[in-house]
């Protein structure tokens, strides 16, 4: 495709030769001649002079540095890049409908347009909707409901009774509906509390690889519509994660906590149990949230606090070794002053 | 069942109408008319006035606020709730005995009363005891011993030679017996140290979903009786976890460390290798333990320290930004005083 | 074997009876009569007087405490121990070549010398090299290339198009090639960015149990030669991990970050995205790396800083509660002095 055509798709302004032919798309540091790339992050500006790319998608505020490269100016270069990905890479995630002869689906209802791979298992009483994929090695328990256009990747496990919506993607190895971690402390041992609830994954949710989402003690653990969960995240029993929330890898949410809508958790964040966050809360990576967050905004630290306050404390700690020295100097000086004063008095 | 009957089961005192019929049990914020619920945590007191529940289990010290609700007073309302769960929810975790035709169990000895699901694999020389369950997709290696009444959930992997006791539950996706992480540092590369030991899981242990418990270099990695491990926990080679210890999600224990009995680790805790903790140690969430803990008690922080000390340090850090300002003011004042003194001397 | 023979293998110096017969090897605290053990770590010195071992491998600098034990002095006792492990334990990780009848390998090319276990799946267009093992329940997607002498343990998932080198080991449950976590923020929802790249695992790499290594958005996520990754580690899209780097359990590396060669990450370390580290960088457990590390050395903390600086800050925090008291005392003293001075002036 020509720069002219691509700029048309992106609704962008061309700087340079509109007739250059583009046959692929790549990150700027790896791009070769004939490919288009993009600059969306200041850190990648330094590649502009050296890239082999024939074209670059840039922001309106960026001034081109090269004359041998065609530029397309757009409002959001990264969004433009994503749009062109779909042009240059055909979708390869389709699978032929039907149940593989090495699957085990006795007593389940599988829509004939859906795919069930080899060694996949769907239990008695479970229902798989239209145009969904249950990949090899995935194990779906009994009485599970899976919606339309949903993809369950290999070796995912969905326990009995859980409900998965439409347009949901569950990456490989994720476990949905394992027992919540609940025990009564007895004199000599821990007594298991039966975990009798389910997990509900609403529409348009993505769950990352090797996540664990525990079933509720009673009632539901619920991941609300449009929420995206990265890999190796732990969601405990009876947690509710609000709509359109984003949770980065290796974060953990303790039992009965409720996250609001449009929250964003960085990587390796932890939340204690039985707390709530309001909408539009951002918690930075590795923070530990120990209390309700009733006010939208950005938080970090152990325990997590408002961003400005956390920054001030961090800056203060950086000054601390010097401040301790000053304190000792001040002490010495004060003593000296006292002695001088004393001498004057006694002189 | 009537309030009268339920109070009899719980050995509790009735306040209100003993003849109310109860047909289910639910958390207080979701309970509907005809259901019983409970208040065990101060945070849920605010639901008392608005709950639709027909009955509430409460503690002896709680004064009922409603006259249209029947109350059952007991010593431990949460334990009472757990007891009633078993009344209202029949056990649904039973499976018919026998080996599914799509399982692969050549050369293994499976008790005829045990269940082996479709696509489960049990290797040569392995033994599965009475009344146990090996669920779909679980892979049990060669020469593994699994006891009685033990449940291995879907897609669990148990490597060759490991030993699993009686009444053990391993949630889905957990890996037991993977190689310990051991290499010798050579001039140009890392040389793998063969990992030749096993993992022993004693009786009454529960292992969470997607945990990883590595085999010993030689000898054993051992999880002792009655211990409960939450999801995504990592236990390295040659670790010993004492009896009745509880480990919350995403914690990690490095090689050759030994935890005492009745320890409790919060979520995302880390322990370095080659250390020991005594009995009755509590380590709070996200702490990092870098030294032996020879004294029972509560610890937290990076590195973990005694709870009181950690709290004092945290409080001090909160005061730090103000203290730095005070320090500068003091410095200015002292300079001023010095100058005054100097002026007097020279005057 | 005799001490004489073992000392010959280790090229070590014998102290004691060279004719003692040794029939096994064990850790010092568990060793029994007839077994050899070792002391490589100061923490285990205390076992020397009480061990039942008949022989001990020690370092040249160690002075034997026992006369009823034979000693072998070597340069590196732990390396000596590892060498003898291979003598006393035969390799048990071999499997007969061939594809199990309960595997599903239609359209894949499997070298006849390689092993494919029951319920393993290898997709269309994929190639498995010589002398490799694809264990039970592992799912290899379409158009995957797996090299020679590579072991894929049970229930591993390798997504379409990924490339795995020679002499690679992937422990059970690891997920290679899951979608990177990338979304565009739209007004009302998150729009998925297609993840079209692959993962490349170079030769001599080991990947731990239940790790997740995401495919690139475009291009590659790459784990370079000789690198060793512990359990439950997360590697995001487009990350490059340099050669011979070691990553301990539960660490996470965010998108597009590049680690240098011979890096060592402790457990539960996190790195933000789009940064680089140079060669020979050590990051201690639980640290958070938020910036490029252009200088070799040891780092720790939140955010990670040079080791010496981090230690000074930690020491300062320990002194902080006392320093705050001193500050108040100083303030009081200064006030007193001012008053004295004032009195003198007015007197």
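Lettered A, B and C in written order, each chain numbered from 1.
The definition used in the following text is that contacts are C-beta pairs under 8 Å (C-beta built on N, C-alpha and C of every residue); 3 or more make two chains touch, one makes a residue touch a chain.
Model, not experiment: these values are computed from the prediction.
S.K.: Work through the pairs of chains, note which ones touch, and then classify the graph as line, ring, star, complete or other.
M.R.: Chain contacts: complete, every pair touches.
S.K.: Determine how many degrees of rotation, between 0 and 180 and to the nearest 5, align the Cα atoms of chain B with the equivalent atoms in chain C.
M.R.: Rotation angle, to the nearest 5: 120 degrees.
S.K.: Distance-wise, how many Å sit between the C-alpha centres of chain A and chain B, to the nearest whole number?
M.R.: 24
S.K.: Two or more other chains in contact with one residue: find those residues in chain B.
M.R.: As it turns out, chain B has residues touching two or more other chains at 102, 119, 137, 155, 173, 210, 232, 250, 268, 302, 317, 320, 323, 327, 330, 334, 337, 341.
S.K.: Under the stated contact criterion, what part of chain A meets chain B in this complex?
M.R.: Chain A reaches chain B through residues 102, 104, 119, 121, 137, 139, 141, 155, 157, 159-160, 173, 175, 178-179, 181, 183-184, 188-194, 196, 210-212, 214, 217-219, 232, 234, 236, 238, 250, 252, 254, 268, 270, 272, 274, 288, 302, 312-313, 315-317, 319-320, 323, 326-327, 330, 333-334, 337, 340-341, 344.
S.K.: Mind pulling up the chain C residues that touch chain B in the complex?
M.R.: It comes out as residues 25-27, 30, 41, 43, 78-79, 82, 85-86, 89, 91-92, 100, 102, 117-119, 135-137, 153-155, 169, 171-173, 204, 206, 208-210, 226, 228, 230-232, 244, 246, 248-250, 267-268, 285-286, 302, 317-318, 320-321, 323-324, 327, 330-331, 334, 337-338, 341, 345.
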